[in-house]
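Here it is, the structure in full.
Order of writing sets the chain letters: A, B, C and D. Residues in each chain are counted from 1.
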Amino acid sequence: MTLSSFLRMGGYARFLWPAYGITFAVVILNIVWARRLIARARTEALRRLAVHGESS
Amino acid sequence: MSVTAITVAGHEDAPSAFTVARLALARDLTLAYRKREQLIQPLAFFAIVTTLFPLAITPELSGLRPIAAGVLWVAALLSALLALEFLFRDDSHDGTLEQYALSGRSLTWLLFAKTAAHWALTGVPLALVAPLAAAALGAPISAAPGIVVSIAIGTVALSLIGAIGAALTLGVKRSGALLSLLTLPLSVPIVIFGARATELALKGESYAAPVELLAAIAVLGLTLAPLAAAAAVRISLE
Amino acid sequence: MTWTWFHRLASPPHVYRLAQKLTPWFAWPAGILILAALYDGLVLAPPDYQQGDGFRILYVHAPSAYMSVLVYMTMATAAAVGLIWRMKVAHAVAASCAPVGASFTATALLTGMLWGRPMWGTYWEWDPRLTSELLLFFIYLGYMGLRSAFDDVQRADRASAVLAVVGAVDVPIIHYSVVWWNSLHQPASLLRFGKPTIFISMLIPLLMMFLGFTLLFAALLLTRLRGEILRRERTASWIEQAVTS
Amino acid sequence: MSELSLRAENLHLWRGERHVLRGVALEVTGGEVLQVTGTNGAGKTTLLRALCGLMHPEEGRVVWGGRDVRDDLATFHGALIYLGHEPPLKADLTACENLKYWVGLRRRITVTRIASALESVGIPGLAERLVRTLSAGQKRRVALAGLVLLAVPLWLLDEPTTNLDSEGQRLVGRLIEEHTGGGGLTVAAVHHELAVSPQRLRRLELARA
């Protein structure tokens, strides 16, 4: 099997590759979102701890 | 006047659960009667929406007849939704819900009574008006009983699901759009079975099967929805 | 029988540390399985005799659709636990689920449409599965909308939990009613997808995908859960240690 | 009947970021009035709502008659009345109807009893008037009539003297005096000193978070 025939996917490339593209974009996005959520929660917690430390 | 006659909960002086429901129902019906103009609004809305379809599609009754059942149900669903916003709003503002929750009586039961009142005030009038709207869309008079039955039972289930949505959005500002977003997807089975029953009634066929499915949903709603609504109301009071 | 495991599960610091420790144990196998399944599904599996290579969309559509349901079930179960035992960690789990579930529901819809185009000749067909998936997507939207309507996390948790549980009762009814509705209007000649004759060589990559996506969900959930716990445990003293370490 | 008592132990409650109740403890027994004071935002309303079980404190517990109220909320609620900032009245019902539906949920009530209760709070002629036509002070008095009619042992009152003239404030004092004199308990959040005899009065000052 050649690369070009693989990429053509028996004529279904027009539908197949976008479907795979969307799915793995969503997977990557989910990973990014999850990491960003925890990073934000961390900085937020650190900020709070700093405020807390000053006031007490 | 003896103020010192302090009583403790659960004593013989407490009214029965039946009396409690009757009082809650009577209060809502009395209030609705005092503000009867508000009752007209969902009905007027229903009439306007059904009028829009001939204007938007075709004045030909032959063109309207096939979509009549769908039109009736979408219009009924939207008007029921319109009325839902008022279901708990006033009671939440004036502290009635708080007193219900702290009465030592079952909040589930009280909300059951409230939902029953809401259905009597919106579902029943809608069911009674629907055959007229159907006639305007080319439905035969003989279909009237089927239309009334399907919309009457369907609105029971709609009021119950709507009660949960209305209770959940109590603490929310500008809750109208959110209430629709919560309630409409959950109401899909009611629309499917209800519209099918109405469609069969319009064709003069037996509509028993979808009405039974509709009734099954209503019964499930009767047992579970007040519980969920009570939980939601308690959350809104926190 | 002791209930200590239950109490430990309810303790945010414990769960936070446990989640941190467990995440790689799910993330790496998930990545390896999904990559292997991709190779297997795209290269090794034979084309379907009817749909040719088009059937390979199954390997992303079916796992996405499966995720949409798995995540909802997890969310509703966590929500119920949170409501019944007033367990903060359970609410944090439910909160972590919704965006993951909604995004995979959208993926299932889009890949379903892309599959539908060559199969039906149209992107959108009122197919019972696509319709149910669309309604599930609306339910996720409602859930997230309700959650974001409250400023207070505790109230958002509890209100959205009630909705999740109500939805869990309603979703099977919705699915059943949609199938019933579709059976009334379905023209007999229409080609239905998803039921090709499955050879074992086609099935293996699919099962690997299912397992890979399940592990991926677990890893995503554990990561998001840590973030949600940090948001909820605002003043707890253990946070200092957890954040700075 | 054993002596009535309401006790709160180490109540902690957060509202979002704010730590509103920080280890509040209190105890009231039959015959006593607890007057809760504090500036706006000190958590007076929150404390009352936590005491009656509307809000869930994250730590601590409320004990009624020796039992955690969470064990049997219905019984506890049956023994208390909570009056919030606004009287829980419907504008489109008459004073008499309001009391019939509100109090009637919890105990059997007759129109004559309602009339005499309205008389005891100084508004004998208003039974048939729609509440929307009443002044804020008159509404407050209708709510006080409800308090009298319910005759439950525990009163939780949030600013009971709001909108009342000096005579009305004395009325609140007298009602609480009679209630506690008969063995009842009262917890009231107030801005102004309650007009009750000092030997019954206990105080709790909440500091702002």
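Simple rule for what comes next: contacts are C-beta pairs under 8 Å (C-beta built on N, C-alpha and C of every residue); 3 or more make two chains touch, one makes a residue touch a chain.
Note that the structure is predicted; figures quoted are calculated from it, not measured.
Engineer: Sort out for me whether C-D or B-C is joined by the greater number of C-beta contact pairs.
Structural biologist: Of B-C and C-D, more C-beta pairs in contact link B-C.
Engineer: Of the chains shown, whose Cα mean is nearest the mean of all protein Cα atoms?
Structural biologist: Located nearest the centre of all protein C-alpha atoms is chain B.
Engineer: Starting from the mean Cα coordinates of chain B and chain C, work out the distance between those two points in Å.
Structural biologist: Here the centre of chain C sits 33 Å away from the centre of chain B.
Engineer: Could you work out how far the Cα centre of chain C sits from that of chain D, in whole Å?
Structural biologist: 48
Engineer: Could you work out how far the Cα centre of chain B sits from that of chain D, in whole Å?
Structural biologist: 35
Engineer: From the C-alpha centre of chain A to that of chain D, how far is it in Å?
Structural biologist: 54
Engineer: Residues of chain C that touch two or more other chains: which are they?
Structural biologist: 154, 234-235
Engineer: Taking each residue of chain A in turn, which ones touch at least two of the other chains?
Structural biologist: Residue numbers touching two or more other chains: none in chain A.
Engineer: Would you pick out the residues of chain D that each touch at least 2 other chains?
Structural biologist: In chain D, residues 56 touch at least two other chains, as defined above.
Engineer: Among the chains present, which pairs are found to touch?
Structural biologist: A-C, B-C, B-D, C-D
Engineer: Using the touch rule from the top, collect the residues of chain D that touch chain C in their complex.
Structural biologist: Result: residues 14-17, 19, 56 of chain D touch chain C.
Engineer: Can you list the chain C residues touching chain D in their complex?
Structural biologist: Contacts found on chain C: 86, 151-154, 234-235.
Engineer: Note which residues of chain B are touching chain D in the complex, please.
Structural biologist: Counting only chain B, the residues touching chain D are 1, 3-10, 13-15, 19-20, 23-24, 26-27, 30-31, 34-35, 90, 94-96, 98-106, 110, 234, 237-238.
Engineer: What part of chain C is in contact with chain A in the complex they form?
Structural biologist: 34, 42-43, 47, 52-54, 56-57, 60-61, 63-64, 99-100, 103-104, 106-107, 110-111, 114-115, 117-118, 216, 220, 223-224, 226-228, 230-231, 234-235, 239-240, 243-244
Engineer: In their complex, what parts of chain B are in touch with chain C?
Structural biologist: Against chain C, the touching part of chain B is residues 161, 164, 168-169, 171-173, 175, 178, 181-182, 184-186, 188-189, 192-193, 196, 213, 217, 220, 224-225, 228, 231-232, 235-236, 238.
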